[in-house]
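Please find one structure pasted underneath; my questions will follow.
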Amino acid sequence: MTLLSIEGLGISFGGLKAVNDVSFSVKPGEIVSVIGPNGAGKTTLFNMISGVYQPGSGKVILNGEDVTAMSPHLLARRGMCRTFQNLQVFQSMTVLENTIAGYHLQESGHVLSDLLNLPASRRRAREAEAGARELLKRVGLERAAEREAGSLSYGSLKRLEIARAMALKPKVLLLDEPAAGCNAVETEEIDHLIAEIAASGVAILLVEHDMKMVMRISNHIVVLDHGEKIAEGDPASVSQNPAVIAAYLGAENAAG
Amino acid sequence: MTPKNATLLALAILIALSPIFFPSSFYYRVGALIFVNALAVTGIVILTGWAGQISLGHAGFAGIGAYACALAPVHLGLHPALAVLLGALISAVLAWLVGRPILRLKGYYLAVASLGMGILISMVLNNERDLTRGPDGIDVPELGLRALLKDAGLDLSNGQFWYFFCGIVLILGAWLALNLRDSATGRALRALHGSEVAAKTVGMDVARLKLQAFVISAVYASISGSLLALQNKFITPDVAGFMHSVEMVTMAVLGGVGSVAGAIFGAAVLTLLPQVLTVFAEYEQLVLGLVMVLVMIFLREGVVPSILRKIRGRGE
Amino acid sequence: MSELLQFLLSGVTVGAVYALVALGFTIIYNASDVVNFAQGEFVMLGGMITVAAYAAGAPLPLAALVAIVVTAALGVAMNKLTIEPARGAPVVSLVIITIGASIFIRGAAQLIFGKQIHTYPAFSGDDPIRILGATILPQSLWVIAGSVAVFIGLWLFFTRTLLGRAVLATSNNRLAAQLVGINTTFVMTLSFALSAGIGALAGVLVTPITMTSYDVGLAFALKGFAAAMLGGMGNPKGALVGGFLLGLLEGLTAGYISSQYKDAAAFIVILAVLFFLPQGLFGRKSTDRV
């Protein structure tokens, strides 16, 4: 029972193949991680899956439907949501408003009803707010609800982004480096949160640099190098795969 | 009390009690002008402050609203009140047609396209003399509401009537805008202003939302133009001119482009200034330009939100 | 036939001016992504300052030179005082700032030069030159030659000089340019000086034909922008071609449809380009980074 399947996805920038012929699939409740050295094309792959970039080749299939290059707002309607490596929160809105924004699809009605503040609009807004407060509690941000999002710490913002994404009740959640820039405690919090979300039946696709975290929580790992998939499997087999070790060592040698 | 109700209450009290301090009946007229401008600027707050889009041609919509009141009663036999609605409808449709393809593109394209659209409207109003009588202007029929009120036993002077009538329309406009602000639509507008890509990932149809903001703000400008025409009983193509568009944006920027209270404050200051300082006319462009640049660099939120922040900061 | 030629000739003349304004737009846009709505005011200033200097007794070539240098300096001042302090501001703020600067310059020009319409003599007399039954003013030849010369000069500057290449590098990637040691602040200053100087040159050349007053800038800005968009934002070749195309369109509109609505041609072009060809004739598609 595959929920999200990636079939031969590829893209070139100015003649350079950033991602080439990558395929894998994700099942409900499963945590699949995409790893690879810097510049391996992980975020580019994410941007293609989530409709931010238009793939040059290949397909993205969500729940049996071809959703390749579909605009992100339509993907959201079909149950796919993502977070961003470089944090995309609504800075000048409150933490609560940020989370309510995640309820947009359930909350939004006709614009005239919103203008006139009709009972239907008020009821939907109340429901969204109640749900958002619940979610903030779940990610441990309930006490910051009325604060402006821009004033939060980095780790809190990461959790806020996850809360906002969870508000959509997604079937597939794409997390782009959710623990980047977080300290050990924050990383562990996010770690638990992800496991919890997966346990509730959400398919999770993860890009992460923190190798310990990846090995700990992933069911399945896809390894990219220079835009190509070089290995795939469970954490134990991937960590022993010679091609993977070579890729990482090569990268480290190059960096050193 | 919610901030929304506090703003509305303060506005209502201000409108009701200000006449006590008027040195002469002339100030009823100034007050009515402030309300008319503030209404248009409230539309700019929705478009620019919340949705983050900028129009440099909103006076074009005011022109449509104004000339609808001048022409529709004469040529179509419509009651002036219906002419206001007709103008608003035409403005909405035009905004929709122009905005639909353009709001998919980068921010400054709307600025350029709306600037062109505004100038085109003002050009038509100036050149189609057979219909609009050209640059000399045209008479506008009576709304007739004051006579009705008089029959009902409420005898207001012309100045008083328009002062309170425009004041009530402004409160209504502010109420609608503040409703919108905290609704799903308003939140989505402010969200896409913050991060378009994040707004999309939570399912917001960004192009459609911007279009809604553009259409709503066009209707505000149109009704503001209609009210101006009806109270002056006369209108010239200047109402649709580029400088009027610039005035609207400057008023919004000065008061605080994200705040309805700020919009009203900005409109009040920049409407009063030329009335109090007669030399102002000569320096108008200089001052408007300076205000836009200085506020954008030093006080990006505008005067009112900056003051509110100070007060709140001290309270905590 | 001669009628058509006449319309085309007058179209090419104004087109040359629009091309210059569009080139000015392009330089600043490429260096900083700022769309400078005050570009048209540089054209106005070019004409106006020449008028003032000429009236003060300077010979015309000197007056023109003074106008170009002073306007370029004003362009640099505008960058230092309004654009630099607002670095990193969202597009909307930058639009408001450049519109504000434009209104400010206009207001100042009105105070200093008054509301009258001004002009000065053409450079090489007013005797029309006959071509196949149509006529062209010698000043029109100056305008056309001026815009072609500027284009060639810019092309040489951007492809043959180290400084020009530095500007191009900055427009491709500001951060990378900084990393390889290019002074991007200087590049911005230079862009504004060039852009304002080119705008002023346009004003200097065209004023004997169209005359000038404090409020002509906006129309030039809008038409220059229309030309730049028609050619494709950020593309100098597009700016040149777009300018001439727009001028021709305007000339034909004035001749065959209505001279009252000749200005409408630019706005129709803007709307049509945005509707059907947002990338312009020579533009490239852009991918926003996330």
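Quick notes
All chains are identified by letter, namely A, B and C, in their written order; residue positions are counted from 1 within each chain.
One rule holds for everything that comes next: contacts are C-beta pairs under 8 Å (C-beta built on N, C-alpha and C of every residue); 3 or more make two chains touch, one makes a residue touch a chain.
Note that the structure is a prediction, hence the values are computed from the model and not measured.
Centroid analysis (C-alpha atoms only) places A farthest from subunit C.
Measuring from the average of all protein CA coordinates, the nearest chain centre is that of B. Distance between chain centres (mean CA atoms), subunit B to subunit C: 32 Å. Separating the centre of subunit A from that of subunit C, both taken as means of CA atoms, is a distance of 46 Å. With centres set at the average Cα position, the gap from subunit A to subunit B is 41 Å.
Within subunit C, residues 290 each touch two or more of the remaining chains.
Within subunit A, contacts with two or more other chains are made by residues 52, 84, 88.
Annotation for subunit B: residues touching 2 or more other chains are 197. By the touch rule above, subunit B contacts subunit C in their complex via residues 48, 52-54, 56, 98, 101-102, 105-109, 111-113, 115-117, 119-120, 123, 127, 197, 242, 246, 249-250, 253, 282-293, 296-297, 300. Residues 176, 179-180, 182-188, 190-191, 194-195, 197-206, 212, 216 of subunit B touch subunit A in their complex. Against subunit B, the residues of subunit A that register as touching in their complex are 50-52, 71-73, 75-77, 81-82, 84, 88-93, 97-98, 100-105, 107-109, 111, 114-117, 121, 124-125, 128, 164-165, 167-168. Subunit C meets subunit B in the complex at residues 35, 37, 81-82, 85-86, 89-93, 95-97, 99-108, 110-111, 218, 222, 225-226, 229, 260-261, 263-264, 266-267, 270-271, 274-275, 278, 288, 290.
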